Amino acid sequence: MSSIQINNVTKKFGEFIAVRDLSLDIEEGEFVALLGPSGCGKTTTMNMIAGLEDITDGEILFDGQNLSDVRIQDRNIGFVFQNYAIFTHLTVYKNLSYGLEVKKISKPEVERRVSAMADRMSISHRLNQPASSLSVNEMQKLAIGRSAIAEPRIFLLDEPLSNLDAGFRAYMRAELKVLQHEFGQTMIYVTHDQIEAMSLADKIAIIDQGRLMQYGSPLDIYNNPHNRFVANFVGSPRMNLIDGELREESGILKLMVHGGAEIPLSGKVKSDFTSDSAIHSGSLGIRPQDIYFGKKKKAEHIELHGTVEVVERVGPKRLAYIQVLETNFLAFDDQDKLSVGDEISFCLPADKCLAFDLQSGRRLGEMQ
Amino acid sequence: MNAPTKASAGAPMQNKPSGYWARVAGDGNKMGFWFVLPTLLLMLFIVIFPLLMQLYLSVTWWTPLEGIAWYRAWEVFSWGENYYFLATDPRFWGALWRTLIVMVFAVPAQFFLGMALAYLFVDQFPGRKFFYSIMLTPMMIVPAVVGLMFFLLFQGTGPINEHLGLPSNFSWLTDVNRAMISVIIADVWQWTPLMFLILLAGMLGVPSDQLLAAKLLGGSNWQNFVKIILPRMKTVIIIALVLRAVECFKIFDLIFIMTKGGPGVQTETISLFLYKQTFGELEWAYVAAIGLTILFSLSVIAAKGLAYMAKNNG
Amino acid sequence: MKASPRSVVLKYFFVLLASAIVLYPLLWMVTMAFKPHPEWTTVAGLTWFPKNPTLQNFEFIFFGHAEGLVVSLDRTIVGPLIASLVTSICGTLLAVVCGTLSSYAVVRFGLAQSLPLSVLQLRLFPPLAVMIPVMVMWAFIGAVDTWWGLSLIYGIVTLPFAFWLMKTFFEEVPIEIEDAARVAGCSYWRVFYRITLPIVKPGLATCALFVFILNWSDYLLALLLTQKEWVTLPVYMATLTSAMGGQMYGMKAALGVIAAIPPVVFGLMIQKHLVRGLTFGALKQ
């Protein structure tokens, strides 16, 4: 078990920069998710931690120790591949024992640890069968067990749940959390599924185009996105992000949206936008669940009028798509009374609105 | 009806292609028939008729020398004399023995060298494509030309003697022992690339993440090679060895150009022996008998081999 | 992970060593082809690159005589070269056409399921063990020492390669494409000719080149089934030896170079599919 410091790491493939000046501190025993859209560099980052890829620039320290000159074989890193990389020509037992046998551990000890791990992963009834006969779900367990048995210093998982069917995925998600607790190991987990990351990780590192966009606890990232990308990426359904020009008309600061909609700004969101006088175009973010219907409850809330375009049911709630000229807002219809075509008014609570600079995507104003 | 009914009853296993084709196979069969016809005719022409003729000639004394047409060969009927003679012909058994010698030395040498080369080439490195092409050239050269190349190399006044500092009367191709060595060297030179090519394809077929997983689990390169790569290459290895063994059994061009089977019969393999019987002695009936014996033996071996593989893979 | 410098050096050492071993005999023959008589042997010292490069050897085999050489040749390379080309090409055509048609019928219509294994058998036996009846038959129908006689046997012995190679290419064509065309009203022939064949065209070209290489490389069949008119290059090369009393190394090397060029060029062109071809489609790269 060890902590990991990633210091200003850059990875280039020829001209292409896969990872750009990335720094992360991962505490001992922490469960960290690397989250980002596909091709963002998260897998490359993990491969560099594992030593599967060279680092172009920067360093990765394990408990303060640089392992870049240590052979992969001697790094003692647990790695669960996306498609598990089970040795399908061997039995389940031989898969589990591989990491121990190559280290010349005595036979009784190997047997003891294999059967303990098989019990833990509930695949002991399969021990003497060829690994190729396992179901995908069992392969997943075997892959984790095979890595865990050698008691690695850290544990890396590359999209481990993406091949599973929906039901088992939920079960395995919970199981992973339990396992992480039991092993007490530092775990790094790559995923493009924000729900997985949110529910599993102690900390999430959001990566886009090779850059670290934000690093923090799931709640912090959800409530307090540092930039427009994170705001857009995290949360389901997605945050409303309304882009427009900032213009002052007769003493009122308005966000002029392409297509004609005007959003008068007031309260906290207004002061956020005005905190940097150099900003002329901005992006206003509001989560669907923060929008409410009817008259405004507070003077500083922003009231808008629009037409209900589509209503769809999401679980117990209904999601409404409301159109204001050419701009779409997504909101929860918690009272179940909207229908398509309704002309309605709805409000954005100004203190829940987030302000971003449209050019740089940077968050404006004070963080909560 | 109390008897339990089987769910699969009435649905025999289908070996035919599925989908649309199976449903309308009627018309397709008609065109398919015309498609296979030329090949079937060629097969009949080259298998059935010659086989019968060979069987017929092998029980006569017929030779093209005496001016008897082949269909009148019954006039010199010999019963099983040719086969009896074959069983006691030291030259035949010697040739068979030498063929096996070539196989036993050349095929494993090609295998180990090919495997080592494949291991060298399995990872990317600058210039890999270029060197890969160089490695493949020997097997693309006409075997007769390879024979010529080594004939030139192994001359007393050739470069090999010069390099090894041997006198020009130190002979390779006309020496009782070294002739065979020279032939084997030439065969290894030409056909190691084939082994290399096939084994490399097999090695590249080993899933790379499994290899990485094995490394991350702490296996050394050698341990991973033996426990992960080799077992995964089993089928490929069998294919490569069988292909080379079959071809090596047929070896003719190289030896014929290099030594003509000499000195004496020192490099006379089965094919050279048959050639000499055919054109030197003109004992065609005898050659037919030998050929039929080889045909029969190889078929039995092949059938046994196939059955064994089917059993092990099934 | 970075490879250690030591292992990189070791790797290149072995790669270069292997390349040297591969190139050594080749280089000796190729340079020999451009060497004048005194440099053919090491009697006057070993020369790798001709001191007095000459085209004399090529001139001699093409024209039957060359300046400065007292000997002359009554039969030049031209006849054998044409014979090699004609018989290889015709044999290739026969094998590829028959192999393509029949493998398509086997793959798509499930006809003649025993055909794949039985054509494979053709490659199992030493040709000399089964050649007596063929030679008798060829003599009987007057096919010995004719272009068509040799082409016929070439087409037959390379048919297994063409058949198996095309079989794997057809198996890769998604059946849905053909189904769609059938449903749209195309006849079987039209589907094959207009849809499938264009899809496997690269495979067909590969197959043709591969089979051509095999036919071009033959020595034994031409040795058995030709006498004079249709003698091919390899046979001619070997007879040159005996006729000239042995010591015409330079000319033989020149012949060897000419005979070696087409297969090497074609072989490098179809490098990607060599494994598939050589293993009868059992392995793909």
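Worth pointing out:
Order of writing sets the labels: A, B and C. Residues in every chain begin at 1.
Here is the rule we go by: contacts are C-beta pairs under 8 Å (C-beta built on N, C-alpha and C of every residue); 3 or more make two chains touch, one makes a residue touch a chain.
Since we're looking at a predicted model, the values are computed, not measured.
Where touching is counted per the definition, the chains common to chain A and chain C are B.
By number of C-beta pairs in contact, chains B-C lead all other pairings. In this assembly, the C-alpha centroid of chain A lies 58 Å from the C-alpha centroid of chain C.
Our note on geometry: chain A versus chain B, Cα centroid distance of 57 Å, whole angstroms. Chain B and chain C have centres, each the mean of its CA atoms, that are 16 Å apart. Contacts with at least two other chains are made by no residue of chain B. Those residues of chain A in touch with two or more other chains are numbered 52, 72. Within the complex, the chain B residues that touch chain A are 207, 209-210, 212-220, 223, 227-228, 231-232.
Looking at the complex, you find that chain B touches chain C at residues 15-17, 19-21, 24-25, 27-29, 31-36, 38-40, 42-43, 45-47, 49-51, 53-54, 57, 64, 70, 116-117, 120-121, 125, 127, 131, 133-146, 148-150, 152-153, 155, 157-159, 161-163, 168, 189, 193-194, 197-198, 201-202, 204-205, 236, 239-240, 243, 246, 249-250, 252-253, 256-257, 270-271, 274-275, 278, 284, 287-288, 290-292, 294-295, 298-299, 302. On chain C, the positions that touch chain B within their shared complex are 8, 11-12, 14-15, 18-19, 21-26, 28-29, 32, 41-43, 46, 97-99, 101-102, 104-113, 115, 118-119, 121-137, 139-140, 155-156, 159, 163, 175, 178-179, 182-183, 188-189, 192, 213, 216-217, 219-220, 224, 233-234, 237-238, 249, 252-253, 256, 259-260, 263-264, 266-268, 271, 274-275, 278-279, 282-285. Those residues of chain A that touch chain B in the complex are listed here as 50, 52, 72-79, 81, 83, 85-87, 89-90, 98-99, 102-103, 146-147, 150.
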